[in-house]
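Per-chain numbering from 1; labels A, B, C and D assigned in written order.
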Amino acid sequence: MHIVYFASIREAIGLDGEQADFPENAATIANCVAHLLARGSVYQAALADRSKLRFALDGHMATEDAPISGAQELAIFPPVTGG
Amino acid sequence: MHIVYFASIREAIGLDGEQADFPENAATIANCVAHLLARGSVYQAALADRSKLRFALDGHMATEDAPISGAQELAIFPPVTGG
Amino acid sequence: MIIVRVEPGPLDAAAELSVLAELGGGALASFTGIARSDTNDHGNVTAIELEHYPAMTLPALDALVQDAFARWPLLGCVLVHRTGLVPVNQAIVVVGTASLHRAAALESTAFLIDRLKTGAPFWKKEHRSGGSAHWVEARSSDDAAADKWGQ
Amino acid sequence: MIIVRVEPGPLDAAAELSVLAELGGGALASFTGIARSDTNDHGNVTAIELEHYPAMTLPALDALVQDAFARWPLLGCVLVHRTGLVPVNQAIVVVGTASLHRAAALESTAFLIDRLKTGAPFWKKEHRSGGSAHWVEARSSDDAAADKWGQ
């Protein structure tokens, strides 16, 4: 699965995006976030405030409990501030 | 007192405005309208539908029961339709 | 910055509203009412004639704008209303407000046009392609829209 | 007529909205959001940088517009959002709708900007005269404004 990061989370992780191969039992967005947190302090700092994480699956807004089944791209970003 | 007419009422009466000297006991707009109706069929036709008469005293919207005390100009017109 | 005007000639909505962009506000809202060409048994509308009550019009429009400033934190307001004969597809009225806050700009614009429709002394007459002309009837929906803003 | 666009260069609000005047609707409403220069301990804002999620942005904006057309009888809609670095006093977003009915135009414009604020993938970074840059925090009042339109 491809992961993309935006805004403050992109800057904190230091990557626009990356390829991540989560195990088969990573069924939801929350499971994927748990795997990212396990990578160490950079991810833990970037994703620390769970209340300020927002997600999209293949370009559609999704909540943490959404199943990732079949999605090509997971986006992780802070609350949007356009307009 | 000066009376001015607008839109369909102006056309029905055939005057933009006129000077009218109401008796002292004509205390409200309704009293003035009653005096105009007493003038005959032209006024009676123009002012027939009381629910569609609107008024202003010296440039401020007013209702039929408003006292005319001291006002220089009474305007009589149908409901406004600008915008 | 307040601009309130009655305009006997053509009305350029974009030009009227352009002053609002220079007030340092982050939010501009506007409404433009255009003479439209609907069709009935008397033919197409070719023009809308706007009669008004000159001694009352500007004071009434100005009072509406003052009321808007009392209700919302506005930086500026433009309210320009056409008079006389307006060919179809030309603007009849342009309303715009500027604020730091988008809700203030959007709500005050809606307030101004809703209240103008029932509180400013203008009357529309439709001129039709068949040669006839008809006074436009007021609509009860306009009263309801004006009333929803309270006193 | 639907125009939905992401614009990397300067945005001329009046020019973007001009197409709405030619659709035969009597009512045009619009909202323009402008980069504004407020001041805090880090100095004045000199520019707002707009980051977005290119693969998602246009589909998300288009879905908002489709939703507006499903809710109101609209003749046209313009929704253009700037990206990249926007100097203060330049437009960030322009929203406009045309309808036969003023309530439809006014309400749909408010709906579109309220929902865009919480549903479209844009992020603002303020650049300050002191040289620092800061991500803008989302506001709970924006969530409340978006929620008031229901599902």
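Convention: a contact is a pair of C-beta atoms (placed from the backbone, for glycine too) under 8 Å apart; a residue touches a chain by one contact, two chains touch by 3 or more.
A quick note: this is a predicted structure, and the numbers were derived from the prediction, not measured.
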| item | value |
| --- | --- |
| Steps needed, at minimum, to go from chain A to chain C via contacts | 2 |
| Both-way neighbours, i.e. chains that touch chain C and touch chain B | none |
| Label of the chain whose CA centroid is most distant from the centroid of chain D | B |
| CA centroid of chain B to CA centroid of chain D, Å | 48 |
| Length of the line joining the C-alpha centres of chain A and chain B, rounded to whole Å | 71 |
| Chain centre separation in whole Å, for chain D relative to chain C (CA means) | 24 |
| Multi-chain contact sites of chain B, meaning residues that touch two or more partners | 83 |
| Residues of chain C touching at least two other chains | 33, 102, 113 |
| Pairs of chains satisfying the touch condition | A-D, B-C, C-D |
| Touching residues (chain side chain D, partner chain A) in the complex | 33, 50-53, 55-56, 59-60, 81, 92-93, 113, 116-125, 135-138 |
| Contact set on chain A toward chain D in their complex | 4, 6-8, 10, 56, 59-61, 73, 75, 77-83 |
| Residues of chain C defined as touching chain D within the complex | 13-14, 17-18, 21-22, 24-37, 89, 91, 100, 102-103, 105-106, 109-110, 113, 145 |
